[in-house]
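Below are structures written as structure tokens.
Paired with chain B in one complex and with chain C in the other, chain A is shared by the two complexes that follow.
Entry: the complex of A and B
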């Protein structure tokens, strides 16, 4: 751990790298933002933005459940609830009795409401307000270890399943005819989103975590003309806005999560402008 | 593809440049404030009451800089969340003075990041009343907090003056001498306040009013009530943005009416609408007590707040028509 810190200090001899919590935050961003970038492409493709938003909000109930059952590791209760939430949502969505955005909205509101009811008992919600806007001091060395594991797992998933997922997103019936197990893959993908959202929601903040999944991919989609470009640009934009936002937030005294989102949004608008100009010509 | 990549890179360079300019501008104004003279010993206190101790102990001692970690109007720290700016301030400190008694919930974060930081617990060896960490409102206990901080700083100086060299070298014996003088002077003034509270207590008990109970709207007032022997029927902490439900307020109003509670002690720091509501619906009267957790940064704040409180108590207890 100290060697990693030393390496960062010697590569980046700035005042913000003198602090261990900033080094932790930097490492977390370097690991997590490429994941957000690449997952985001598929979320945007499949029009799942609302789904991932609902997942982020479910973190509140995860924390509440942890508080009720006295689970000391909040990460664990958040993760378990989010996975259950994602699978349940997928199952109901497949029944196709109501339109999927309605189902998601019902789930999102319910989980928010449960979380708020439990956490505001006795008027103590202020204790949890850090969850909403995020707290980069909460990144510990152990969490970086978890992030690394999640990173490797999602990389493997991406390597083996991306083409199949892409096929499903282009045409579900076609994918089925190619013997692709649509339901299983969708579930796996949802669980993966749940895991990466929960792994970083505490320091990015419930209110804005979805923006980090959506914005880099959306910005990249404005410019990309094939899947490879789409991915590459999204990862670059995600990584850049993460690191840039972190550093600005340190010097300016802003909250880190929102600063990152603002940078990503600026890039989105710039690429949108570019695509409009290109189309016009 | 290459042109698009180029566009992204240009965009990133542009954003970085704008950010760098922005940071440079904000940083310039910040470094101007710091001033030329570097204090040799930096003491950071977590919030107002302990900041006042530091301010008074190091009055006219230029070698020591006293800073408050949180803004002076933060108030009680119950759910305070550290910012990265706070962590920066702590990293520059030699000593961190905390109120202790569980007031600083974020202490774990600090200890994890700065294991070598000297932390002085002002409430060391002070027995908390009902797990209440707002001990400074009892002047007697406040004096003990002052003594705790004084002793801890003296032993810090003893320990470190031999090690320190160069620009960090302090004239420890001179500082210790003036520190002790300052502490004695400050303690004497607080003892006067303690005496005046004693008088109130005697008059209050002699008047046989000790059946009249009080409702307090801040945990801190428990210490004042205890000091003058006034029984507290309810403690309704209105710190944080608690909103009591209508049912709870109704229950309190009923109890105030049945129990013959005469005093509602609320405070300026938080909204006093609940106390006002209860006052309007019952025969009890609301009085504003200053818990000395916010102020204008003057070192007299604690004494001024307590003098105000004494006046409020006198008018509440003895001048009721």
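Entry: the complex of A and C
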């Protein structure tokens, strides 16, 4: 632990790295952003932005369930609920009786309402309000360890399953004709989104976590011409806005999550403008 | 036109991994029935198809053509069975099926090259990490069967309807399947594109060992290229040679 801190201090000899909570936050950002950057590319391709947004909101219910059953580790109840929620949404989506964004909306509203009802019992929702905007400065060393494990798992998943997921995203039936297990991979991908969203939602905030998944990928689309560039630019934009956001929030006294989102959004508009200019020439 | 054929032919031979149709592979579908709730979509369809033959499915909208294709693919639940027999030694083998879809989901400005798209279906080398030289070469060879090798570095979302169709055809025949299913492959493609597509189909038929089922509304194509025509409307209303079906009363009833 101390060696890592010393390395950070020697590479970045600034006033903000003097604090251990800032070093922890920096490490967390360095782990979270590449994950969000690369998963985001597939989420944008598959038009799943609404799905991941709903997952983020379901964190409230997860916390509520934890509160009801007295589960001390909130992370666990959030994670379990989100995974169940994601799989349930997939099941219903496959029935194709109702349009999928309607289904997602119904379930997202319901789960958020249940969460709010339970957590606001006795009028003390205030103690959960940190969940909404997130608090990356409170992340502990152990929790960074969990993030690192999730990072490695998602990297492995991406290495082995990206092509298949891409094939499914382009045309399910075609993927099936190539013996790709469509339902299984869709479920695994949804579970993975649930896991990375839940592992980060307490630090980034329920209200803005989806922006971190969507914005870097959306900005990258404006410039990239193949999947390699798409991933690379998305990860770079994600890391850049994460680290800049953290530093700016430290000096200006803003909440870190929203600052990161604003920077990512500015990059999105800059790349959009750039691509429009380039296309006209 | 003959000039083009001469240029393509040697390439086909170079890229071919299997022999021309022997006529001894036989695909039988017995009593294929699909229900949606209580409604019967298709009812007891029997098919008997040999390699090297083109079977065309025709019928009005909602007659169950796409449903039958998807049932054969195993994508939707169905009753009945599908058998694949090699008549040379009377063995039952696993049927490999190629599929050419009507459209693909590719949003505007999606950053994905033709290589990326193709590689996703035929390889596990993660396309987001690196471009595999071996796969790149293979993709190029497969595209060359349909004279589409120049598309390999283009963005897939920028392709014209005809170019996309050739790409999808190349994917479907990598590797060569026993049965190729095409669901209205020329919808939204201009006349020239269609002509080229039909020539490609004819090429596949004469150079590879596979059977084809094509859903089509193009009766010129049916007359010219089909070996067997099936008029579908929940059940098989009429089947036979193109002349038999297209001049039948049943055909007049549906399309007249």
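Rule of thumb we're sticking to: the second predicted complex is superposed on the first by the 281 of 281 C-alpha atoms of A that agree within 3 Å, B and C clash if a C-alpha of one lies under 4 Å from a C-alpha of the other, contacts with A are read in each partner's own complex, and residues count from 1 in each chain.
Here is the rule we go by: contacts are C-beta pairs under 8 Å (C-beta built on N, C-alpha and C of every residue); 3 or more make two chains touch, one makes a residue touch a chain.
Since the structure is predicted, the reported quantities are computational estimates derived from the model, not experimental observations.
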Contacts of A:199 with chain B and chain C, given as first, second, both or neither: neither
Touched partner set for A:47, first chain B, second chain C, both or neither: second
Partner chain(s) touched by A:229 [first = chain B, second = chain C, both, neither]: both
Touching partner for A:90 - first (chain B), second (chain C), both, neither: neither
First (chain B), second (chain C), both or neither touched by A:221: second
Touching both chain B and chain C, residues of chain A: 224, 229
Footprint of chain A on chain B - complex, ascending: 1, 4-5, 7-8, 11-12, 15-16, 19, 22-23, 26-27, 78-79, 81-85, 87-88, 91, 109, 112-113, 240-244
Residues on chain A engaged by chain B in the complex (per definition of touch): 18-22, 122-127, 129-130, 135-137, 140, 223-224, 229, 232-233, 236-237, 240, 244, 247-253, 256, 263, 266-267, 270-271, 274
Of chain C, residues touching chain A in the complex: 70, 73-75, 97-99, 101, 103-107, 109-113, 115-117, 119-131, 155, 168, 171-172, 181
Residues of chain A defined as touching chain C within the complex: 38, 41, 45, 47, 158-160, 162-164, 166-167, 169-178, 220-222, 224-231
